[in-house]
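Structure incoming, see below.
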Amino acid sequence: MSRLGTRRWLGDRLVMLFAVLVLLYMLVPVGVVILMSFNQPASRQGYTFDAFTLDNWTNICGPYQLCDSVTISIQIGLLATVVATALGALMAFAMVRHRFRGRGTANVAIFLPMASPEIVLGSSLLALFVSAGFAGQLGFWTIFVAHVMFCLSFVVVTVKARLAGLDPRLEQAAMDLYANEWQTFWRVTFPLVFPGILAAALLSFSLSFDDFIITNLVSGQTVTFPMFVWGAAQRGIPPQINVVGTIMFLLALALVVIGELNSRRRLRG
Amino acid sequence: MTRSDLVLSSVTKRFGSFTAVDDLDLTVPEGSFFALLGPSGCGKTTTLRMVAGLEEPTSGTVHLGDQDISGLRPYKRPVNTVFQSYALFPHLSIAENVAFGLRRRGVKDVKQQVGEMLELVELEQYAGRRPAQLSGGQQQRVALARALINRPQVLLLDEPLGALDLKLRRQMQIELKRIQTEVGITFVHVTHDQEEAMTMADTIAVMNGGVIEQMGRPLDLYENPATTFVSNFLGQSNLVGGQVLERSSQSVLIDVHGSKLLAPSDRARSAEGDVWVGIRPEKVFLAAAESEFDDGSNLLAGGVVTDVSYVGVSTQYLARMPWGQELMVFEQNTGARDSFRPGDRVDLHWMPAHTFLLDATQAADAGVEKEEDL
Amino acid sequence: MSAAAAHVGPGEQQVPQGQDERKRGLTGYLLLLPGALWLLVFFVVPLVTLISTSLYDPSGSVFAGYEMTFHWRNYVDAVQGYGPQLWRSFLYAGTATVAAVLLGFPLAYAIAFKAGRWKNLMLILVIAPFFTSFLIRTLSWQMLLGDNGWLVDIFRTLQILGPDGHLLATPFAVVTGLTYNFLPFMVLPLYASLEKLDPRLLEAGADLYATPLTTFRKVTLPLAMPGLVAGTLLTFIPAAGDYINSELLGTPNTRMIGNEIQDLFAAGSYPVAAALSVTLMAAIVALVTVYVRRSGSEELV
């Protein structure tokens, strides 16, 4: 190998090594979560690994309110996902496929919520709810409304990208082959945009399920899972939280792996 | 009338202030292989899309036989299209792509027809694959099968071979021609490739700027172009300015920079005042300067060879004439004729019957492929 | 979160058809209407309400009600009272953004050009942290950085840290947490930009006598600019408003503006909290505008 070649080889290895270290930095906390799900803590305060146990896994709902909060988060997540995905997908179709006045304004209005800090979004909504006289009714529905709002922009962006990548000639070909507008939409447009809609729905659910800052401002007495974690962090963390975290991680991982395998199988036919 | 010819009458299409197709009249006889040939932006694809129903004419009508189809939605027309870059449905298998049209028309048992069609395009073994797993040439044939299976009255082909490499393109040209003869359906083929159009079509319409410049058999278009655009877009031409001196029912006598040339009257599109005198480069012979000949040839003397390109079957010369213009001469490399080198002084001669005359008000370089077109 | 946006199906580029094929008519408005209404009622109207709340008489309360007195002194109080926290927010967010660029650029570069068949795996690993709750992940930094953690041991052995030195409850811990939390938002847009870059351009750079460093500066960096701008915005904006890292990993001396806004709202001091929130938003809009102008990527917004 020439000297230049050696230097290049070394450079490539160094870049890769650094990249792996950065990945490690990103993944170590996940490892800690999984590890701590098997921890039997000696005291309530210490966040150290003391002894191995499976008790946390067999008794997930042990800590007061933990499972209730997960249920509420799932309910809100599903509901907000359905509404945000439906509204956002319609908006994306309008933006890509239709001409209308004020699309510039619409674009900015969709972009802005993504560019605003959550604390500002949350405090605005709280200001609205309070001045509209809803201060006493903060809870499930105000959280739902807030989650749909911040998921909407992400749905529009995701579906839009997929739609913009759709060759309009495919729909023309369908029309040319005796499919009317309705059949063209359901046989060609929708199946081809569906992966984008699915991605948007998954993104919405994870955004909703994980949101804390906005929820904390508009939740009243309702306790979602992140709110429960937050409360626990002040008092001493039950190890079951890590079990929930681990289950979430494994579920999402399984989804991604299945999706990946599925797309590979499709390619191979 | 039982024939179902495709007839476009005074069709105009405007996009805003841009007129893509301008008052077009066109008849495509049933069962013919018809080519719409022209440079990009000439309106040929728009014309095709209006026949398919993907574009609505601003004015004018489209008839198929007795039926006015101008107002019909695309899915109501007995017309199918092979799209540029094919537009195969990526989420469906090859068999389902081909069956798409039949299923939409409520045909229950499509299996046998799909099998036969895939056999016709020699893709039986690929029925279960997806479009992305096929090569460009195979995808092209799927697109063809998907359209043909519906037995349309007219098959529209929008630059169907544009994405293939040269060798495959030649192969597919022959294949398409075979299939058209076999199924006997009217093919309307849009292309910017003059060689492709000449190889395949019975009739070519040359389009430019939204209008048809000339229409006819490939041979007639090439041998007897009606406009400078056609003379340059189909092959290459030498166009030299001249003035008409005399005309008879048989021939026209023209003065070209002092030389007297003859052209047949029936090849004269213009026979008064200033004209372009046209001659194809392969019809011209080179001779060493001042060689004697007296066979009634048209003769332009005093050329100097400025460039020689040897291309195997022929040698292509450029000769600078005394008035500064460079003329092209293609000599077949038969071994029977002298070859020349740059700087040699030469005379150009050709048979008067090969001369054509064009209107001098047209630009001499219309239809010449410019660098930005390539 | 632009992860999904960055993962548009490869090889499916839009084919321009010469003419605009978008349909006119009412359908467009009808499709847009429900979502637009939602954004209007729950994003635009609340922002306006926030601004008007910030001008209320601060002596009111949630229960007694507030009076609109155009009390612009709320802003003076907010900036005077919470200037250090505001300044600290931008300092921490800025530091975390720079750190995220320094860590994220080589990672994105390695995935785009050096990873080969590991590319997909590495991409999944980049988004893997999202698979579990970020609050729990931030909590696990408490353990990693804690006095009993092995990081402190290593740092003490290497004498980077004194024998009684701490990592947890320091500005370092807060910035580490912020960097960690928003790093994927930096890596994904950067990767999306770099991936489009034709490696032959780099070879062309080298061929034209550029040193690797010059090639990087003159070819790679300008072409990665859209991703870099998007990544920095996606990191900086949420980091500036965050209070979770400061609360879980910091001390009262590392409090950021988010902590104060949250606490003021929780305590019912709505007008000042609103004023502080509006100030944060205005400062971010101003900073982002200047930044986007200077980096010449206005088409991004």
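Of note:
Letters A, B and C mark the chains as written, and numbering starts fresh at 1 in each.
The rule is simple: a residue touches a chain if its C-beta (ideal position, glycine included) is under 8 Å from a C-beta of that chain, and two chains touch if they have at least 3 such contacts.
Note that this is a predicted model, so its numbers are computed, not measured.
When the interfaces A-B and A-C are ranked by C-beta pairs in contact, the top one is A-C. Greatest Cα centroid separation from chain A: this falls to B.
Inter-chain centre distance (chain A to chain B, centres taken as mean C-alpha positions): 56 Å. Centre to centre, using the average C-alpha position, chain A and chain C are separated by 16 Å.
Annotation for chain A: residues 167, 169 touch two or more other chains. Chain contacts: chain B has residues 85 touching two or more partner chains. Each of residues 15 in chain C touches at least two other chains.
Across the complex, chain B meets chain A through its residues 52-54, 73-75, 79-81, 83-85, 87-91, 93, 100-101, 104-105, 128-130, 132-133, 146-147, 150. Residue ranges on chain C touching chain A, taken from their complex, read 1-5, 7-9, 12-15, 17, 20-25, 27-29, 31-32, 34-36, 38-40, 42-47, 49-50, 52-53, 62, 66, 103-104, 106-107, 109-111, 114-115, 120, 122, 124-126, 128-144, 146, 148, 180, 183-184, 212, 233, 237-238, 240-244, 248, 257-258, 261-262, 265, 270, 273-274, 277, 280-281, 284, 288, 301.
Looking at the complex, you find that chain A touches chain B at residues 167, 169-170, 172-180, 183, 187-188, 191-192, 266-267, 269. On the side of chain A, the complex with chain C involves touching residues 11-12, 15-16, 18-19, 22-23, 25-30, 32-33, 36, 46-48, 87-88, 90-91, 93-100, 106, 108-121, 123-128, 130-131, 135, 145-146, 148-149, 152, 154, 156-158, 161-162, 164-169, 195, 199-200, 202-203, 206-207, 209-210, 212-213, 216-217, 225-226, 229-230, 233, 237, 241-242, 244-246, 248-249, 251-253, 256, 260.
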